[in-house]
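Chains: A, B, C and D, in written order; residue numbering restarts at 1 for each.
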Amino acid sequence: MAESRKLRMGLVGGGPGAFIGPVHRIAAELDGRIELVAGAFSSSPEKSRAAGLSYRIDPQRAYGSYEEMIAQEKQRPDAIDFVVIATPNSTHLPVAKAALEAGIPVMSDKPATATYDQVLELEKVVARAGLPYGLTHTYAGYALVRDARALCAAGEIGPVRKVVVEYLQGWLSESIEASGQKQASWRVDPKLNGPGGCIGDIGTHAFHLLEYITGLDVIALQGTLRSVVEGRQVDDDCTALLKLSNGAQGILLASQIAAGEGNGLRIRVYGEKGSLHWQQENPNTLTLRRTAGPDETRHASGGYLSPDARAVTRLPGGHPEGYFEAFAVLYREFAEWLEAWRANKAEAPATLPGIRAAVRGMRFIERAIESSRTGQWVEF
Amino acid sequence: MAESRKLRMGLVGGGPGAFIGPVHRIAAELDGRIELVAGAFSSSPEKSRAAGLSYRIDPQRAYGSYEEMIAQEKQRPDAIDFVVIATPNSTHLPVAKAALEAGIPVMSDKPATATYDQVLELEKVVARAGLPYGLTHTYAGYALVRDARALCAAGEIGPVRKVVVEYLQGWLSESIEASGQKQASWRVDPKLNGPGGCIGDIGTHAFHLLEYITGLDVIALQGTLRSVVEGRQVDDDCTALLKLSNGAQGILLASQIAAGEGNGLRIRVYGEKGSLHWQQENPNTLTLRRTAGPDETRHASGGYLSPDARAVTRLPGGHPEGYFEAFAVLYREFAEWLEAWRANKAEAPATLPGIRAAVRGMRFIERAIESSRTGQWVEF
Amino acid sequence: MAESRKLRMGLVGGGPGAFIGPVHRIAAELDGRIELVAGAFSSSPEKSRAAGLSYRIDPQRAYGSYEEMIAQEKQRPDAIDFVVIATPNSTHLPVAKAALEAGIPVMSDKPATATYDQVLELEKVVARAGLPYGLTHTYAGYALVRDARALCAAGEIGPVRKVVVEYLQGWLSESIEASGQKQASWRVDPKLNGPGGCIGDIGTHAFHLLEYITGLDVIALQGTLRSVVEGRQVDDDCTALLKLSNGAQGILLASQIAAGEGNGLRIRVYGEKGSLHWQQENPNTLTLRRTAGPDETRHASGGYLSPDARAVTRLPGGHPEGYFEAFAVLYREFAEWLEAWRANKAEAPATLPGIRAAVRGMRFIERAIESSRTGQWVEF
Amino acid sequence: MAESRKLRMGLVGGGPGAFIGPVHRIAAELDGRIELVAGAFSSSPEKSRAAGLSYRIDPQRAYGSYEEMIAQEKQRPDAIDFVVIATPNSTHLPVAKAALEAGIPVMSDKPATATYDQVLELEKVVARAGLPYGLTHTYAGYALVRDARALCAAGEIGPVRKVVVEYLQGWLSESIEASGQKQASWRVDPKLNGPGGCIGDIGTHAFHLLEYITGLDVIALQGTLRSVVEGRQVDDDCTALLKLSNGAQGILLASQIAAGEGNGLRIRVYGEKGSLHWQQENPNTLTLRRTAGPDETRHASGGYLSPDARAVTRLPGGHPEGYFEAFAVLYREFAEWLEAWRANKAEAPATLPGIRAAVRGMRFIERAIESSRTGQWVEF
């Protein structure tokens, strides 16, 4: 009986000093349907073993490489059910490919790959394998992001006219890569990260959020990418003007040199009849402002939320849902899908970012770089 | 090697329809050091088994009663390392007693027991057993609550003169117990809950937070407890004026009929030189206002936070830490303590609510009821 | 034709170093129906003349005493239409009496007098004179305070169960009177101020706001007045538990030693169906929270506000109305009343604080002091 | 002695149904140094006379045209000291020219004229006349805008890298001009308003604020102006990417179809070391966020504000300063200048927007329209 055991997860990345690896582990296990049992936590076998101990998994299952993990796990009766990819962008494609070609589903960190060409290849691999592939656009897991999406779809604010989405951070205001800060170092190295810096690291989140909430596609854009900190090899500040599929306009700001900002992801969607306002630093409220009438503040777990939002709420009113919880929503959906897929090849759930989101995200990076290079509008 | 496996947890309570049981499970497992392996999830063996399946544990370890769980687990080589109590208040004492007397440490939901007499008995049981006993005053797990505590201790706002703490909810504004709502029903039944209603359910949280942050003891109080909703047998609205050990004054408000409030726990501490302001609905900021100079807003994970606060932060700046995370901090401390205690009988960590907090909390309920009954100030 | 000229105002107080005198002048003149033409700005004739120059009025009309002003103005064809009292509390009665007995209407700063006995005498003087008398409880002039009052009256939140009103300032956290600060010095001197310190200066504002918004009377209270700063002769910190005429409970906090607070006047009214939340530091929004449904944030000048609120709004949406504007609402109402009273002895408008508010405010101070002295509940 | 009387003001515009005329009157009179004594309130003599009555001025001085007002007032011993222009944009130039050529100083509403060519002519007229000319960019009157300007100048946030300024309103989301709404009708008529719609009405405010606070000039821009509401003849939504004189980037958003917004003027200035955040809907706080350390919230009237900010604060801490008060700061500075200019031809104060601000504002509109037309960057 499928319900009687947890899904087994193998993690690639997440070794000593990592930020996002442990977050994947926590989020995956949050709802009690998944457990971390194996990993290739580092390209150094010693560091991988050390990480395995800190995760308290069976030491035999802390592998020295993802290839080894895949090969060994395939032999076990209690093999991993899926692989999670939490490494720098340049390895996303080879890991995903290896797993999928070995018949193992994949949950991947974003952006999907390092370059647009790579994601087109990945798209083919996913199609060929016919296996679940998910992408952790964390913010899609928030109850009120889902409520905003549902309100847009229901026409609550009328046809969308204008969207302002911004993701502003300040942590790269100085050249901290010069002093070897680990999180900064790979992100500003085009070889590990791909050609997009800020645009890939956080611009894609903003881009995904805009399409996710509005249900509209970006069809053209004009971008301006700057490397503000002297000597930096990738962009650290991005501005893009967007044309949306219904004729509306989008403005997207992403920056890692916005000194003093923490994790300032915010979106405002203006329609003919009103607007929606959400920000990640206060994720448990969504404000609906109308052309007439008082503003409405909607709270996570309000009984009046849309069914999609209520489906991902874990706590009673007023208890703030946090980042891990949102992250974990994606894992829960992934786990549900995986089980349903095993039973009857179920389709991916509409709310879970997958390969289409992967392709569009990489396309966004590639198009923004191109527009910034030429100074012209480009088709999407 | 102690580090190489997770601690095994047995849960009492948390069966179908429960709110806090699953929260305990998530919080306990969040940091990867604990796993739920057994439970007496319901007093109905069938319901307990069903819950065991939903938790995906070994079906053999979903017991029909806590007595059975303790007896059976004692026989196993992979026995539970501790018991978690997440049942209505009236059973807290017998479960804790049974576990402790069987040599098993305990983590308990608050309030510690149903009555003040019971907690005095529990205090003796804990002393006799010489085992770890923890109490999940969730809010003590927030990074910025710990920062506030550290700032008070460091004299940053000078000697405390006035404290206003409030915990306002609106969910019992109507007699929802009349229609059998499960969360409401046991809370308003003195037999299951003890004589204090709102004062025990949330007043104790406010009380604990006041003493926890200020480092001061309540030495006298005058309380007014009301049952505002007609026919309700316990208080649903409480006000208390407090005398603190340094001569300062406290005002404590707790209500479950504050219509429109979600989970409004807020504290303001006024000293000679400034004040501290924190609220649970926006838990990732702490405001320090001084008699002169701009207000300071301190953010979770700021590098400038006190060491105690930084020790419990899991995420980089701007990523909101949530309720589960705070809860999980207590479990992590408990787990660390448990291991250290096994190794060398280590003392309880100062930051973890334990049996002293248990006694004081029950004393608070008992004193508030007494003062409200007589209309007089009472010694604490 | 009455509309063709402005009303002429004579100001008592408001000399060099004064805070509230100039505020009266600005507020009075804001709506273009009143002009300051005369004054007894100081008990020193030289200072009064200097103030007259700074106000740019006719130097002949800057008098050395209020008695002189009244006597001289009575002789002029363009005599003042009313007197404004903006002096320390101890002179409120003699000035008001002199003006009213000379047939001149009065607008007075609050509290109405220095003691409860004095206001009872004033009440008789007002009755005998049959002239307009107004009291500047500034906060009653805010559009959203009037909206809250209208929503309560309309039953929007159901019968009131609980009210929390607080007025917290920090500016007297230190003994600034010791260094001769003018605003502090008279306020802490019982001879100039009366026996109530903080309770009279700002507690009365909180008290008035509670009765004004809810439409309920306080019928009993228990107060605790403290002089926290060493050597201070009047209270600087007050707490009162109130019984309201419908059986509801009120909690009133007023403090001038709440270090770090600016001008923290806030009120929350909880009814059976929802609650209202307003604060003076963000006066242009009123939040309505219901037991079910999203929160509603109402903005000054929203077309959806109650008629009473719309009547006192001067600006389009989003332009914040300020303190002066609120103050000026009262003057406008007073001016309208004055003209209507001249024409046909019109009754005072229900929305303008008048002699009843004066009496109740002084009663509140007197009762709070009494309760604090005895430690007992007192009838109101 | 100049101090002994108020300055006399003549108002052009401000007749029945006007919004901004009465605001000018209130702001001008707020500080007690100016009084409205004459006006050409409407191009209809009857309406002008009616307005004169409502303003309670001498009926003789409510003129039928500005030409008549200027001619008549010149004959009086108590002639007006200056003219205020509060009419639709197309008449700003002729009125200003007539007044200045008659030797009368001018305070004008913004934008300075209807077109860029007109403001170049005005610039010559002002130079020839050698008379004071002021422009009411209201937002420059806020204490905390001045504080932000002073902090930038003092290098508190380091060299500026990025500025985001937005002015979002929703009141033209529907075609309310179709139903004859007076405020809308002239604004969307190019003949009365000039070619810029939203860009002129509010875009200029955002533009002025950016240059005012940062002390930087815009040197190039790329703008996108849209007419979103069908049939509208001027722009109602604007986006501009700006190059600033030090190489920094600016993003300017202005919209009158941002449904649900009230008066959303907000600015964020990011420097190398930190950032400044201000918004007009909460004008009494300024937030300073640094790359390290807690955020600082600065309050109007804080003793720690910059001298420029303290100079324009009228109230003690926590009392919100409002829109009228800010407006009145400009009048006070204008009045001071006017008197100093009469005495010794004093230079215009640096903090008061004047003819340079007038020219730059009109240039901005003209350049934005040009860039939007061509789709290219344009020099400023």
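Everything below uses one rule, namely that a residue touches a chain if its C-beta (ideal position, glycine included) is under 8 Å from a C-beta of that chain, and two chains touch if they have at least 3 such contacts.
All values derive from a computational prediction rather than experimental measurement.
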Requested in this report: Work out which of C-D, A-D or B-C repeats the contact pattern of A-B, with more than half of the residue-numbered contact pairs in common.
Outcome: C-D
Report summary line: chain B and chain C have mean C-alpha positions lying a whole-number Å distance apart equal to 44
Query raised in the report: Any idea how many Å lie between the Cα centroids of chain B and chain D?
Result: 55
Report task. Please set out, as single numbers or ranges, the residues of chain C touching at least two other chains. Result -> 261, 288, 295, 299
Query raised in the report: Can the chain contact pattern be summarised as a line, a ring, a star, a complete graph, or none of these (other)?
Result: complete
Report task. Spell out the residues on chain D that touch chain C in their complex, using ranges where they run on. Result -> 3-6, 19, 22-23, 25-26, 29-33, 35-36, 53-56, 59, 169, 171, 261-264, 280-284, 299, 315-325
**Report entry** Complex contacts: residues of chain B adjacent to chain C
**Finding:** 157-158, 161-162, 164, 166, 170, 173-174, 224, 226, 228, 237, 239, 241, 249, 251, 253, 255, 257-261, 268, 270-275, 288-291, 295, 375, 377
Query - Complex contact set, residues of chain A against chain C - result: 287-288, 292-299, 302-304
